[in-house]
Structure formats: structure tokens, C-alpha cells
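Okay, handing you the structure first.
Residue numbering begins at 1 within each chain, and the chains themselves are lettered A, B, C and D in the order written.
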Amino acid sequence: MNPLLYLLIIPGLTVAGITLVKDMKQVRLVAAVGMSLQLLWSFVLLYWFYQLRAAGHTEEMLFVSSTTWYEAFNIQYKFGVDGVSMAMILLTSIVTFAGIFASWQVAVLTREFFISLIILAGGVFGFFISLDLFTMFLFYEVAVIPMYLLIGIWGSGPKEYSAMKLTLMLMGGSALLMVGLLGIYFNSAPDGGPLTFDLTEIARIHIPRDAQLFFFPFTFVGFGILGALFPFHTWSPDGHASAPTAVSMLHAGVLMKLGGYGCFRVAMYLMPEAAHELAWIFLILTTISVVYGAFGAIWQKDLKYINAYSSVSHCGLVLFALLMMNETATTGAILQMISHGLMTALFFALIGMIYGRTHTRMIHEMGGLMKVIPFLSVVYVIAGLASLGLPGLSGFVAEMTIFVGSFQHTDTFHRVATLVAASSIVITAVYILRVVGVLLLGPVKNEHFHELKDALWFEKLSGVTLVVSIAAIGLAPLWLSNLIREPLGQMLHHLIN
Amino acid sequence: MNWDQLFFLRHEILLSLLIVFELVADLSDSSARQSLVNTTIVLFAGLTVAGFIPLANEASLFGGMYASDDLRILLKNILNVSTLVFLLQSAGWLNQSQNSYKTGSFYLLLFSTLLGMYLMICAGDFIMLYLGLELATIPLTLLAAYDHNLRRSAEAGIKLLMSSAVSSAVMLFGLSLMYGIYGSLHFSEMSQQGAMGGSLGVLALTFFIAGLGFKLSLVPFHLWTADVYEGSPLPVTMYFSVVSKGAALFTLMLVLYRVFGQFTGVWSLLSYALAVLTMLIGNLFALRQKNLKRFMAFSSITQAGFMMLGFVNPEALGMNTIIYFMLIYSFSNLAVFGVLSIIHNRYGKEQIEDLNGFYKTNPGLSLILLLALFSLAGIPPVAGFFGKFFLFTAAASRGLYFLVLIAVLNATISLYYYLLVVKAMFINPNDQPLPAVTLTGAERLALVLCVLGIVVIGFMSSIYGYIQTVVG
Amino acid sequence: MNLQSEIPLEYMIVLSTAVFFIGLVGVVIRRNLITMLMGIELMLNAVNINFVAFNHYLFPHRLEGHFFALIVMAIAAAEAAVAIALIINIYRKFSTVSVDDVDELKY
Amino acid sequence: MDYAYTLWILTLPVAMFLTIGLSGDRLKSNAAGILGTAGLAVIAALSWFTAFSYFGSGLPESGFQPVIAAQTTWLAFTETLVIHLGILLDPLSVMMLVVITTVSLMVHIYSLGYMHGERGYNRYYAFLSLFTFSMLGLVVATNIFQMYIFWELVGVSSYLLIGFYYEKPSAVAAAKKAFIVTRFADLGFLIGILLLSFNTGTFDFAALNDMSGSAIAQPVTTVFMGLSVSTWAMLLIFMGGAGKSAMFPLHIWLPDAMEGPTPVSALIHAATMVVAGVYLVARLFPVYHFAAPDSLEVIAWVGSFTSLFAAVIACTQLDIKRVLAFSTLSQIGYMMVALGVSGYGDEGVGYMASLFHLFTHAFFKALLFLGAGSVIHAVHSNLMTDMGGLRKYMPLTHLTFLIACLTIAGVPPLSGFFSKDEILVAAFEHNKVIFAVQWFVAGLTAFYMFRLYFNIFWNSDPHYHHTPHESPPTMTGPLLFLAAASVLAGFVPFHDFVTTDGKPLETEFHTLVAVPSVLIGLAGIALAWWMYARKNSRPESVAQTLHGLYSAAFRKFYIDELYLFITHQLIFRFISRPVAWFDRHIVDGTMNLIGNTTVSVSVAIKKMQSGELQWYIWYFTSGVLVLTLILLYLN
């Protein structure tokens, strides 16, 4: 059996286990065990992947297996991974693992909560290992839809509105996507022969230029909505603000990455000519995203809004780098996805933990938390530093790779765009430090805060997992960078020629 | 006539026997009526199973008025399965004291309409088709008015009867013109001739489609739908939305694809327009609904709009996806109505707000309703996703991406109101949610069948494969 | 037989179309349910005219049109029977047979 | 020669940072201090050893050659653009190693006394270790990107240390300001790196400074806004340096940075980090000189202006640490001037002088700060109005402070005299205007330093609540050491070691320059004595006379206000707020509008389902007819 399938089976069994056990404690225990296994398995896969590569398996994808599903449409269960998807799998399992512990104390409908969460994660895993556009799309929607319940039931604030908005906008995105995918499918055999949804096969053939130009925007925007592409990002602030902690973590940390990954793996990879011709439009949009998100974040007063806008900015950078279409920038984009995933998950985890103590997310109502809850505060500072691109943490690696890569573009327009995007690092520093200053430093603002308890063991575990991952990437980025870069050469060769 | 040929008529014969049985049983005293429901279900289950017996199916009887082949048998079987589930779900309603005295006549009328639908599907000419159509319609109007002590039920009955009479008149007018053009009403003869009659042919065809579009509740022929669905007893509404609609869809499909192959340009264009109108109007009306039956009426209108997407593809792919979608739609809708009728039978509630907090007391039913609504909305991994995706594929294969875009955007809108129901069950707070219910065996069985259908059909590609081979 | 030579088919079609639309107008504008039913009968009869006329003028060697007309009549009768029953039902519930008053289900 | 052991210089501070940082409160506070100090002593010893073995190995024919002691690939962008982490030993970096570790060691020792009993003592030492690591990593960088990495790390350690008293809002604000201003400058640095690396295809200092390398041999002469691209690149890189070294107009963070603990000010904001800009320009000096000479001109003028500007402000400030901060600005201005006016090879006096001044300045400025810290420790105030007559109470502090003041005033034969003299010589040979400015600033320097000195140690007693007392030996020890260093550092044969090309430089003594500069220094001291040695009304009357200039200088020429206006009024209010508004109301509004429109359309058309049967029939038939007509029209 394909080892990748365990990435779906483990969540499946976990869900089954959760339905069987009795009370809240057992539920979360099963969830934790399941997701720990998943994390472990991801590492095993990674190791295995390296072994295979070392043993001289140079094919584009490893662990490939395919079974015909719908013969009439040539739909297959086709799975396989390359370095990029391997990295994303790793990200997903880390964030999910941390997410389980961050939601250790969900008391309302615990069972349902963990089930939805794990289904969401399962959808994401399925998406990343799929090589067939149909199954990919299927998993994409499987991952998106539990968000509605997760936000609607366990959320806060205007949760119903936010949940609905988020779901509808993302589904609107998948509507565009569906048109794009069908377009790709029906142009997948321009010289006759059977149509196919198989990604690797479509990549080999040449979709007619007119078709590319028509379908590229659908596909790119469709995925882009999930990747918070300006001006389709507005589901993100409200959605994140209302979502419960683990959901924000998974959503910003992992789900939004589906967007970037899809833009690259589907839109650009399969329709390179259109990508070349239309990149400038999206480049302008993403450049706006990057700067706009950062400026937007400055003015916010709610921690989650700040982080949501910062996600717009950071995810904008992902798409921005992808559109540069060179190896370094693309590596940077994937690195940024991972880095942002870990970082923003950490942020949301911390925001949730702080909110659980102070019962407010308004930064002006808090202050001096460093003194009362030092562990959480220090971790918050680390997350902030990662976010503003401090060397030694993952953000720096990703951003620098993006900027250096983007700047290698010989075209002035691209380079000017790079400079504009790079300026966001200053604005990022402004809002991060503002939050740190108001929230954590200064005198303790509220008498009650003196009674706050610092992080509990599961909160520590959640935070430390993410911090360690961020630092590991930040300190020794070469292995990850190489892992990601290895398949890109081939893919970009396809893109550039 | 060869006796063997009776095998081709097995559905019709068995059903007729069942009708006679109901007629007789209705004469017996009330104590026998109590067991009538169970007996009927068992007998009908037998009929359904018998329908699946693989026998030679290719035949043309009664001078070509009646035709049978694998496809038609399949379609009838789909209707049978839906009806069986329907019977299981309506048992609770029939067992209620105020309804039990009329059980026999209920079944009598019901099976008559089903017989009419068989005949519609197996029609070899337009006479048979018309006969079947009326047989399937007139008893239904009585069923709609079956809650004889309710004003709204009476209103539903008369509205259905009057508008369906007009629609069949319009259809007949189209058929009469068609007859004038072709000189024949036999499908086999008509399909062999090319497109004839020019503008008159187009007019005749449109009138005909309008007649069946009425049953299928396509916009702008849909206006009766919501009122009748709301006014009728809940089981009847269920029957309308699933079996009756299915029969109309299948008939329209068979006629268009098999008989009017020469008019594909016309009817696929018409389907385009009808699809867009139906999806859009259905959605816009469904958005505001508070009453679940009315809500489901507009929902089923929207779904009919999606079905029309298949018609824009006049190749086999169109037919495959239509049948497949209808199959999935039946299970999904039956599941929704199953849950609704369970609630309705016990508490008499049918507003969306009555479902507030339903998950707290009835998690199982809520989850089934959730799955069913997701299936209707086309959310994976439940079957609705596959049904919709393939329909869109059928439309896209004709290059009609704009239509697909409109359709998927409409699917998004429809998700909105399906989520409203989900929201009511899972999210809206309620201090006094409907109390937990204990299911009867029939209800349980029906729901299990529905859930199986919703969950399994998508993953079992062999089902689609089978449809594909049958369509040929 | 010389009817055929004297009255061309077009007249028949014009007649039937006229009857059809008269019936339709009747259905749409008359408030009384019974009158509406009569309008429907008119429409069905227009169809019958068509069938019979086409059969007679164009395809005299087959009788499909005639049969169809007969069946339509039979069904129309059945329909009328059911309609009357329902109208009585309406009368019992609403104490009127004016279609205007039967509009409780809407929007 | 194998320099692999230098790796310990970098790994030890990290180890200390992690040990102290992660152990948190579990470590007794004294233990943290002693561990940190001991670790640093080892590092300092290693650095000294490195210096001796590097310089002591004898001068080769071709001058001192750079040595790569260790190197590993950290991240590869492309085949050529690779970030290595490594240790580069050349005269410049070895000199810096010595300076940093020595001053740092002194500060560590000093802090044992100064920070005694403070909350967060452990944190303090952890941050100090982090800073030391970053700063050392910066100076031994083998390539510009490694430098950028450590550059940022230095920035963040500076942030953490300025904001050490995080419960004090002003400290938090100062830390934030420091970080953001330098971050803005770093953006320039980054863009400069991007431009430079794009044109040359390398980050490596060796390749960049190579005479035949593409950076120097083939500068990009494409002109953009009047300057060549290479010049732009180098100017942008200088912008990074200017930010860190607080050159005008990016200087605003440094005075505020005095909110940090005083030893930190001594280490980071006087001796080491702030000179990183100088180090950066020096590191890339060949590129500046050959590929972008125009940018050197800019550097000279910026440095010159900053030194004058800061000196004027320093004359008016009351907070003793701020006086020192502006003095630091002024002195770094000197170093920048020297680099700006320098030539290459035999004409590289300026380069040598600049680094010489960096070297001596590190000692005497650290001494001044630590002395000030000692005073503050005793008086519990930063304001010179709260001080006076302290020479009686704190003899050691007084003595060392006097030495430092004399040194910075350029009184021979103290070290400041030598290094400043070299700078003036270089300026004199290059540009007479700059020379004149620097000469005048030398006078101002003497004046404001002695203003400070007299106000603290002479003048009249302001009635102390507690009688001030001399600081403990852990504090006075470093003062004495640094005083000795300030006195003696001038005799180091610097021109033999640290030059543009590694070869010894012949320097000569310019009487024409040296005598006037000493004279103006003495004049400044005299003026200060006249005004401040005893309590009198002269300062007020001078301030009255020069009212406009005085108050402008006192308010730091309103630069802070200008920045506040730009950030708060322009960026926050006119960009960020509109963006937030636009997002909520236009972008989000559009999405909501789509939703609301759908709903209102739904309400608007509900009349269609009127409930009236005849309308239904009418819609049905007219629908059929319309569809037919459309179809007929289309066919």
C-alpha cells in the first residue's frame, strides 16, 4: 500500500476513534495520539523520501500510485509527492499537532470539534498528496467546508456572519476554480487522445495558448482567494477574528497555503504561457496585497485582525514570489508558505491563550503582560520577531530568498515591484513592535491581570513545537531549501520555456 | 402476442396487481388497515427487487406504443427505489390516527401515479406518453389535497390541477403541431426523419418541453411548485420533489435525446436558457424562505436548473450525468424529507427556526440532514459533489464555460441557504429545542438507505459506469 | 368530401389556434373556477381540432390523430371530474369558488 | 596558521545565551552574571590571542592577507549567490574582535556591580551574550549577507537591551524607535545588497573587494537620477550603515536609546554597535573607492554635518547620557568623514585614521559612559542639574572621567589626540571646508565635554538626599582599566596594522594641523571652565543671547517632531487609516454589497409568486411564448 495513504488513514482512524470513546478527556487523548502519529509518520516519510532520492530515484514524484476511479472521465486516485509537497505535508502535520494541543480545553462539543478539525486536516493532507486535479479539488473542498461549523459553533463575536462570509467567498473561489479545472481538463489532449485530470501528464502536454489565457485567471484567482489575494481577501480578517484558536491556526497556517500551492502547482505549472503573459496583472495585485496588508495591520486594534492583515501581507508575498517565476523566488515562496504557516499558527495560538486569560483581544485593554505571563509573552515576542524577519527564525530565510530571487529578474518592472514589496519589512516591524510594546511591555494595565496564570503544559507544548520548528528552519534552512528546490528546476524549466 | 413479452411488462403488471390489492384492501375493515402499511411496503419491496431481476429487456410492444430496454428498466428501478424509501418514510404519517382510515386510497392513488410514470418512461409514442403523464398527474392533485381538513391542502390541489391542465393543454397543442409536421406520433418513426417543420417545429418542440418542464418545475413554468409543496401533506411533497420530478426528467430526457435528436440545436439552446433562469430564480426565492417545505420547493427548483445543465450536452455524456445526478438528488432529497417528516409527524413543526438547537437533542438526525444538505449543495465527499461535478463536466465539454460559471456561482448561492438550515441546527441557540425522537424501524431503515446512497454513490464509480453502459 | 376542397387546412389551424387562445384567455381572466375549467376544455378541444384536422387532411391513411383526440377527450373528462371534486373541496373550505380568494400560499 | 579555534569566539556567546536564557529563574542571579563574565573573559582572551597570532606572525610581503578561518554554507539562493557563515580574519576584523571583546568584558564586569539586585539580572546577561554573539558575527562576516544577518541580530539585541526596563513606557518607546529607524535604514541596506549582488553575482567580500572582480572592474554605469547604479547601490548600503551609526537624519533613535541600562549604552551605543556603519563602509572600502567615488563624497559630507550638528546639540542637553549620546554621534561623524576623504593604498590615511579613531573612541567613550553610569548609580538621576561637586565623593570616578574628557578633547598625548589628528590631516588634504568644520567641532567637543565634567564634578552641591559614595570595585575596576587603555591606545602603531591594502602606511606629523586643533580644544575647555566651574549666571546669559539657536539645539532641531509628524500624521493617519477604512468599507463593502444585493433582489421579485393561480398560468404561457420567440429569432 502506498505509504502516503496513511496520511489519510491515520486521520480517518482518529476520527473513528473519537466517535467511539466516552468523554472529553479520552476524545482529546485520541486526537492527540492520532495527530502525533501523523506527525511521526510525516517525519518517517521525509526520511524515506531522502533515502529514495539518495538511492538515485530521480523521478519527479515519489511514492506514486494510481488507481483508476472514474474511467469515463479518466479520473484516478493518483498520489505522489515531490519535495514541495513533502514540505507542505510536514508543515501541516506540525501545525495540526500544535493545534490539537492549543485546543486542549475546548469544553463545548469537544468530540465534534476534534472531528471537524481532523477532517479539515485530512482534507489538507489529501490535497497535498493528490496528483489528480479531480481528487485535489475534492480534498480542497473537504478542507474548506468544516470551517463553517468550526467557526459557527465554536467561534466568537459575529461568528455566524464571519463563518458564512468565509465559506461563501472560499466557495466562490472554488467556483472559479471549477471552471478553470474543467477548462484544463478539456484541453488536456489537444492532439486527440483521452482527456485527463492527471497533473503530471497535463504538465507534459501543451495546452493551447488561447485556452491558457482564458482559464489561467479563473484558476489563479480561484486559488488566490484562498491565498488572500487582494482584493479577495476580506473573508480573512473577519473569519480569523471569529474563529476559535485551533481553527485560526489551521486556517491561516495551513489552509491558506492550499491557495499558494494550487496557484503554483495547478495554475502556473499547467498553464505556463498564460502565466507569463498575465503575470504582470497579478504581480500588481500581489504587490498591493503585500503593502496594503501591512498598512492595514497598523491601524487595527484587535489582535486577530492585526494578524489577519499581516497574513494578507505575508501570503501576498507568496503569490508575489511565485509570479516571479524563477527558481530562487519560487523556493522563497514555498519557504514563505511554511514559515508563515508556522509563525501565524503560533500567533493565533498565543492570541487564543492570551484571550482565554484576559477575555479581550483589544490591545489597548491590555498591557504589561510580560510581567504576569512571561512564557506566553516571550513566545509572542519570538513569533513577532519571526514575523518581522529576524535572522535565525524562519521568516528571514523565506523573505530573503524571495527578495533575492525576485530581484534576479532582469525586467525593471519586476525589480521595482520587488523593492516595493521589500519595503513591507519596515511596516511589518512597525505594527509588530507596536503590538509588542502595547500588549506585553509597559506597566500592567489591569489589576486582575496580576492573578493570571502562565501557560499550562499543553499550551507550552503547542507553543514550543512551533517555536522549535520556526527556529529550526531559521537556523538551518539549507536542507529545507534544497528539499523544495530540487523539484523546482524541472517544473520551472517547463514554466520558462 | 407472446407470453414471454409479459416479462417486459413486469413492473407494470406487478404494480397493477398491487393497485388492485389496495383497492380490495381499502374495502376491508379498519383493523386490517393497520397492517396495510406494512404489507404494502413489503409487497412493494418485492416489486422493487423483482425489477432488478436481469431479464431480456429489449422490446417493443403494442405496435410500438410501449418500448422497453435496459435504460428504461434502470430508470424505472431508480423510481422504484425512491418510492420504496418514500413508502418507508411515509409510514409514520399514514399510521397517524387522522390519516389511517384512508391508507388504502392513498396507496391506490399513489401507485396509479407511479404506473403513469412507468408508462411515461416506457412510452413508444406520444399517445402513451400523454396517457402516462395524465395518469401520473391527476391522482397527484388528489394527493395534494389529501389533508382534507386543511385549507392550504385544498388550495394546493386546485392550483396543481388547474395549472397542470393548462400545461398539458399547451403540451398537447405542441404535440398536435408535431403530428401535423411528421404525420406520426411514433418515436421510432419521428426520430428517423430529419428536422422538419422549420419554425413550426421549433414552436411545437418548445410547447412540448414546456409541458414537461412544468412537471419538472423549470422557471418560468415553476410557479405552482412552491405553493403546492407547501400546501400538500409532507409525504406528498416528498413524492413530488423526488419521484414525480424524476419521472418527468427521465421522460424529457428520453424524448429529447432519443426522439428529437434532430433538434439538438434547439433544445440544447433552450436548456441553456432554462438552466440559467431556473437556477437563478430558484436560488433567489429560496434565500428568503422560512418554511422548510417551501424552502425545499425552491431548492428543488434550483436543482432542476442544475439538471438542465446536462441537457445542453446532446451527447451520451449529457444523459449519463443527468441520470446520475437524479439518482443522487433522489437520495439526498429523500434524506432531507425523511428527517423533516420525522419531525413533522411528531411535533407538527415545519419552520426552519423550529430546528434551532436540533443538534443538541438529536445529533444523529442532524448529521443526516447535514450530509443530505451538503449533498444537495454539492460539497464533497458526499455524492452530490460528484453529481454536480459531472453535470458541469457535461456542460463544459460543449465549451459552455460561461454557463458552467453561472452554475457554480449559483451553487455557491445555494450553499448559503443550505447552510442557513445547518446553522439553525448546529449554531443557533435555543433553550427548548425539539426533544429527542425515537425512530421507528421503517424510519430507521429509510434513513440508512438514504445515507448509504448519499455516501456510497460518489465513491462507487461502478454505478456511474453502469449508467454509462446502459445509456450506451 | 368536398369539404376538404372548400375549406383549406389553414382555416382549420387558424380556428384551432383561435379557440386555443380564447380558452387560454378564459382561464387567465375569468375568476370563477368552473369557468376556468371551461376555458381549459376549450384549449383541449382546440388541440383535438388540430389532431383531427391534420389526420384528415394530411395523413388520411392512418388514424393516430383521431385516436389521440379520443384519448384527450377521455382524459379531459377525467380531469373535469377530479376538478369538480376539488372545486367542491375549495368551496367547503373557502366558501367561494372565486380563484382570487384562493391565494393563501404565496411568496 | 590554523585559526579554527576562533569558532569558539562565536559559539561560546551563543552557548551562554541559551544557557542563561533557557534556565530562566532557575539560575541564581549571581551565577548568571559570573557565568556570563567568565565566558566573556575566555572569549576576550581568545580574541587577544587571535590578534597576537595574526599580527604577530610577522608582516608578509604583500601585506596582511585575509584568512577564512571557518566557513559553512547556510543557504544557497542561486549557484553563485550563496550565504556562507564563516569567519574572516583580516586586520580590520581582528581589530574589531579585540575592541568588542575587551569593551564587552569590561561592561560585563561593571554590570556585576551596576545591575546588582535588578529584576531580570539573568535576562540582562542573556541579552548581553546575544549581543556579543551578534556583534562578533557581524565583524567576522565573510560576506555581505552574513553581515546583514548579524546586522539584524545586533539590531534586535539592541532593541531588547534598550527596552530592558520594559515596564517603563519611555524605554519601550525608545526601543521601538531604535528598531524601526534602523530597520528603515536596513531596508536601504538590503536593497543595496540586492543591487550589488545582482550586478556582481556574489555576496563575498573577497570577491567584491577584488581589484579584478566585477564590482570594481566593471561598475554599472547606467545612470539613474544623476548617479550610476553602482553609486546608488553603495549609497543604499551606506544608508544601512548610517542607520546603525545614527548619521543624520537617521540619528534620532540614539539619544532615546539611552533609556537602556547605562552599561548597555556604553557597550552598544557608544563603543561597538554604533560603529558598525563605519565598519561596513570600511569593509567595502575598495568598492566605494573605485566603483562609487561619488558616494564617498556623500559619506564625507554626511559625517561632517552630523558631527557639527550633534556637537551643537550636545552643548545644550541636560541629561548626561544624552550629552554623551550626541557626543558619540559627533565622533562617529568624524570617523565617517575620515572614510569619506580617504584614498586608497598610500593615500589611505583617512581610512586608517577612521578606524584608529574607532579603536580609541571605543575605549574612551565606554569609559565616559561607565563613568556616567557610576555617577548615576550614586545620584540616582540622569540630569546634570541634580549633580555637582561630586569629585569629593567619587575620586576614582572623577579621575577616570577627567582622563576620558581630556582624551576626547584631543589633549596630547592621550589617545584621542592621535586619532583625531590623523582625521584632521586626512580632511585637510582632501577638502578644506570639511577640515574647517571638523576643526571647529573639535573645539565644540572639548567645550561640551568639559561642560559636562564641570557640571558633574565641580559646580555647587545640589543637596543630595543620600550622600553619594564611590562605586564598588566591580565598577571602578573597569573604569581604571579603560582609563589606562584610553591613555595608552594612542601609542599602538595602528598604521602598521590596519590599512586599506594591509600594507603599513607611512604617516607624518602635521604641525600645521595638530597645533590649531590642540589649541581650539584647550580654548573649549577654558570656555567651559569659565562658564561651568562655579555656579554663576553666565550659562543663562549666553543662552539668552543665542536664544533661537539655543532653544533649537535644545529641542534637537525639531527633528524628532518632524519624524513624529511624518509617522503619526502622514503614515498612520493618511495612509494606514485610509487603508483600513478602504478595506472595511470599499473592499469588504463590495463583498457585502454583493450579498445584500442578492437578498434585496430576492425580496424585490417575491411578488412574482403572488399566490394567484391566474398569474401563474399567465407567466407560464407568456414564458412559453417568449422562449419560443427567442428561439425562433436565434434560429
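Before moving on, here are some points about what is shown:
Here is the rule we go by: a residue touches a chain if its C-beta (ideal position, glycine included) is under 8 Å from a C-beta of that chain, and two chains touch if they have at least 3 such contacts.
For clarity, every value in this text was computed on a predicted model and none was experimentally measured.
Set side by side, C-D and B-C show the greater C-beta contact count at B-C. Of all chains present, the one whose mean CA position sits nearest the global mean of protein CA atoms is A. Centroids of subunit C and subunit D (each the mean of its C-alpha atoms) stand 97 Å apart. For this pair, subunit B with subunit C, the centres built from the Cα atoms lie 27 Å apart. Mean C-alpha position of subunit A lies 37 Å from that of subunit D. Chain centres here are Cα means. That of subunit A falls 42 Å from that of subunit B. Multi-chain contact residues, meaning those touching two or more other chains, occur in subunit A at positions 168. In subunit B, the positions touching at least two other chains are 158-159, 162, 166, 170, 226-227, 288.
Residues of subunit C in contact with two or more other chains: 24, 27, 36, 99, 102-107.
Every pair of chains in contact is given here: A-B, A-D, B-C, B-D, C-D. The residues of subunit B lying in touch with subunit D in their complex are 158-159, 162-163, 166-167, 170, 199, 202-203, 206-207, 210, 214, 219-221, 223-224, 226-227, 265-266, 269-270, 273-274, 281, 284-285, 287-288, 413. Within the complex formed with subunit B, the subunit A residues making contact are 69-73, 75, 134, 137-139, 141-142, 145, 148-149, 152-153, 159-160, 163-164, 167-168, 171-172, 174-176, 178-179, 182-183, 185-186, 214, 218. Chain contact summary for the complex, subunit C toward subunit B: residues 13, 16, 20, 23-24, 27, 33, 36-37, 40, 43-44, 46-47, 50-51, 54-55, 58-59, 62, 64-65, 67-68, 71-72, 75, 78-79, 82-83, 85-87, 89-90, 92-94, 99, 102-107. For subunit D in complex with subunit C, the residues that touch the partner chain are 606, 609-614, 617-618, 621.
The residues of subunit B lying in touch with subunit C in their complex are 125-127, 130-131, 134, 138, 141-142, 145, 148, 151-152, 154-159, 161-162, 165-166, 169-170, 172-173, 175-177, 179-180, 183-185, 226-227, 230-231, 288.
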